[in-house]
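You will see two complexes here that share subunit A, one where it goes with subunit B and one where it goes with subunit C.
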Partner chain A sequence: MIEVRFFATLRQGRGKIAQVPAEEAAAALDLFRRFDIPAEEVSILLINGFHSKPEDPVKDGDVISLFPPVGGG
Partner chain B sequence: MEERYIRNLGALTEAECALLREKTVLVAGCGGLGGYLIEMLLRLGLGEIRAADGDCFEASNLNRQLLSAPGLLGKSKAEAAAERAALVNPEVRFVAVPEFVTEENADRLIRGCDAVLDALDNIPSRTMLAKKCAEAGIPLIHGAICGWSAQAAIALPGDGLIEQIYRSGAALKSKASLSFTPPFCAALQTALCVRLLAGREVETGKLYVADLLNMDLETIALLPDRGRPAGERG
Partner chain C sequence: MSDAYYEKIARINLSTGEIKAEPLDLEVAKKFIGGRGLGTKILYDEGVAAVDPLSADNKLVYITGPMTGSNSPSSGRYMVVTKSPLTGMIACANSGGIWGAKLKFAGWDALIVEGAAPEWSYLYIEDDKIQILDAKEYLGVLSEELDDLLKAKHGADCSVLNIGPAGEKQVLLSCVMNDKDRAAGRSGTGAVMGSKKLKAIVVKATRKQLDVIADVDALKEANKACLKIMTDNPLTGAGLRALGTASLVNVINGIGALPTKNWQESYCPTADKFSGETLAEKYLVKPGACFHCPIACGRIIKHDDKVIGGPEYEPLWAYGSDCGNDDLWAIDEANRLCNEYGLDAIGVPCTIAAAMELYQNGCIKEEECDGVPLEWGSPKAIIEWTRRMGDPKTELEWLMSAGSVRLCEAYGHPEFSMSVKKQEIPAYDARAIQGIGINYATANCGAAHVRGYMIAPEVLGIPAQLDRTVIDEKAVWAKIFQDLTAAIDSMGTCLFTSFALGAPEYASLLNAATGTNYTPDELLEVGERVFNIERMFNKAAGMKPEDDRLPKRLLEEPVSNGPSKGMVSKLPEMLPQYYAVRGWVNAFPTDETLKKLGLDECVGK
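And now, the complex of A and B:
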């Protein structure tokens, strides 16, 4: 399984954590689609705590963290 | 030491307080974050605070912006900041600039600053200011809010941290903000700023993220080491 952790506004309607069977996602971008998250709504993507790109591969056991853009003042 | 700064002692040394009195900062934006940043920096006792904002108060600011009040609608935010500064701590040199921070005036506004505090409200202006600070060799204290969320970081000249935070194409979805989010974020920024300006040890390359709805506080290491262009695995 791949663990997906949502932060801040990305939790709305998705909860804090989701488990996805590893065969359902080859790259982080596939998880965006799986949870209906437009790419522009993810500002920071971590794979196992490392800053990563949406096209980076994901595998069984990975923990993916998704943070929305925060830019107001 | 003057009595008004006595309660700084114990948390800061007398030498650190004296050092802060020699420092100059720009607060870019006098809205939600800027109003609180200015208040905190004034009371700490910096040497000079420049505050830039070309905007005027409107009713929708009243839920969170410290400097706003029903009687001040239509008034320049920068001018309101100058009046507050004169009231709270007239010893601090205060330069109010009733202009938005732009590509054209940024070099002039940041010249001679020891640090710049980002209190802007949109991503393009933030990345522009980061670029200008990098070129001028000035540290940028990042802060941003949305709804219940706040984040802060120290961006060192040339470290590319702001570009890491705002991945290309990232867009703000909501303009929501609550009364307690700006002061929380401003407190994080001011603490980082004081540590930096007082010569304390600071950790860079990190983004401090708070989700006050869920009471989650995260530290995200975006850059492994200072200067190392980042964050990619391997």
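And now, the complex of A and C:
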């Protein structure tokens, strides 16, 4: 399974966490599509806590965190 | 007068009661812009670096920037600049709200408060009239109530700056509050007011806007252009309004950089319980904004039966994971107490976290805790110890109220104090985010995140995404961020605008307002000048090269859990690179660097 964690406004209508069978997503971008998230709405994409690009591969056991533009100080 | 300054500074001697209006030296003002830069320059020239910070010889400069009170976005900032009793170095605490704009509307660029009042006093400013009034009846009054009392006396249209009981008692972690929930938070500025027996400064102004802008039309254009950039930017246009700075809890935890249990861990599995998302869901009433700010990052929350200012990211983290706690109501309550007692909402919870580690190791004994053991995650402990630090009575309460360095040294474990230059480190683990470590180590006011926010490029991807785990080019980035920040602070504009704006936009605003002709590079050079004169103030105050440091834990104890497991800070490699780009040797500017920056007054010192 791949765990997808949604944050801030991306939680609306999606909840906080979703599990996706590993064979159903090859790259992070596939997860965007699956959850109907336009790529431009994702400002920070973490794969296992490290900044990544939408086309980066994902695999079984990965934790994917998706954030819209957030920040502060 | 048409240069965004009123060209007037009030010098108030509380010992003698003398109040003088002095002309602002325009040439000097433009060279240092105002705010942080000009405030430091004044104190440097007047020899304040050498004085005892809690003596009558210290001076307090309350200073605006040329943009303060203007129609530019997010430009209501003022600064309290003084010698810090916490760090023994320069303090420049920056605050929003409306107080700074009102001071400017009253026709003052700055107040310089000297001496010490024989009896507790407060200042009442009504346009060009300044009076020293009796404050004895307000002693011991909490900050918010005092705001109400002084407004009841002087009119609802005035703005109130004050200290709570913590400042009165010269608690080293005390701050200056204004407009109820805005704080000039760090470095113990409240204690300096307390040492001068100055309880509050009330400002009332007839003017409702600045009438000294150099080129009104040009500023209108520049404002419009900047506002568009800020509105179009998803963070300054919507993100900060929606969740405030609190949105960072989950981001920083997500990368494994959320210090937990006094930095023994860096990932908190239950962080979502005190995140911006949960705060919004459970308690948020509406976003709050300082003077003329479209960003509105403030949190107005419902807390029991009251509507109050809510916590920012920093106290959420510090009272949250850093104290091993995930009870959000308790964080709101502890944060409220910081505002009421006038306490630094970073320094206080970080010191409680250090005390909890001392308790964990059996150094602080249960019998010293007066019924509230310093146990990890105890909501009661974070609330009660905050209250105690705001009005200390026992030996341990006094020790904790003086910050983690003094506390941990007293118990023989200085290594438990997560601080730099005696000031507690903010909410980002410098083992997991390399560049921010340079800022912590070198910020002139002691550990700070708002003196060069490397989190923007290293985590948020603003203006470009850097790899947080490597040190490449971080020294150059850190310098540029520090210099730009110093310029923005000196202008009186909120630093958060820099998520959207860059040096060209700031130069356009400043030039229109003041009639200067700064290019973006020249503006950065002013920022560099400010950073360097702060450093020279610190040198004169006795700073040593080894004060540019990080706690041993960050250099030698790898992150123990979460995504960043195994990482340590590589500060020893970055620091020489940083000094090289700054033109510094052994932590201080060379004479050549000082001359290049036009700081001839510092040459040979």
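By definition in this document, the second predicted complex is superposed on the first by the 69 of 73 C-alpha atoms of A that agree within 3 Å, B and C clash if a C-alpha of one lies under 4 Å from a C-alpha of the other, contacts with A are read in each partner's own complex, and residues count from 1 in each chain.
Definition applied: contacts are C-beta pairs under 8 Å (C-beta built on N, C-alpha and C of every residue); 3 or more make two chains touch, one makes a residue touch a chain.
Please read all numbers here as calculations on a predicted model, not as lab measurements.
Trainee: Could you figure out whether subunit B or subunit C reaches more residues of subunit A?
Mentor: B
Trainee: Is A:K16 in contact with subunit B, with subunit C, with both, or with neither (first, second, both, neither)?
Mentor: Both partners, subunit B and subunit C.
Trainee: Per the contact definition in the header, classify A:A27: touching subunit B only (first), subunit C only (second), both, or neither.
Mentor: Neither: A:A27 stays clear of subunit B and subunit C.
Trainee: For A:V42, decide between first (touching subunit B), second (touching subunit C), both and neither.
Mentor: Touch partner of A:V42: subunit B, not subunit C.
Trainee: Of the partners subunit B and subunit C, which touch A:F67 in the superposed model: first, second, both, neither?
Mentor: Both partners.
Trainee: Please work out whether A:S52 is in contact with subunit B alone, subunit C alone, both, or neither, and reply first, second, both or neither.
Mentor: A:S52 contacts subunit B only, not subunit C.
Trainee: Where on subunit A do subunit B and subunit C both make contact?
Mentor: Touching subunit B in the first complex and subunit C in the second, residues 7-9, 11, 16, 43-44, 46, 49-51, 67-73 of subunit A appear in both lists.
Trainee: In their complex, what parts of subunit C are in touch with subunit A?
Mentor: Subunit C reaches subunit A through residues 233-235, 238-240, 242-248, 250-251, 254-256, 272, 276-277, 297, 312-313, 449-450, 453, 455-456, 459-462, 465, 467-469, 495-496, 499, 562-564.
Trainee: Enumerate the contact residues on subunit B facing subunit A in the complex.
Mentor: Within the complex, subunit B touches subunit A at residues 29, 31-34, 118-123, 126, 143-151, 164-167, 169-175, 177, 182, 207, 209, 211, 213-214, 216, 218, 220-222, 230-233.
Trainee: Report the residues of subunit A in contact with subunit B in the complex, numbered from low to high.
Mentor: Its residues touching subunit B are 7-9, 11, 16, 39-47, 49-53, 56, 67-73.
Trainee: Give every residue of subunit A touching subunit C within the complex, in rising order.
Mentor: For this pair, the touching residues of subunit A are 5, 7-9, 11, 16, 43-44, 46, 48-51, 65, 67-73.
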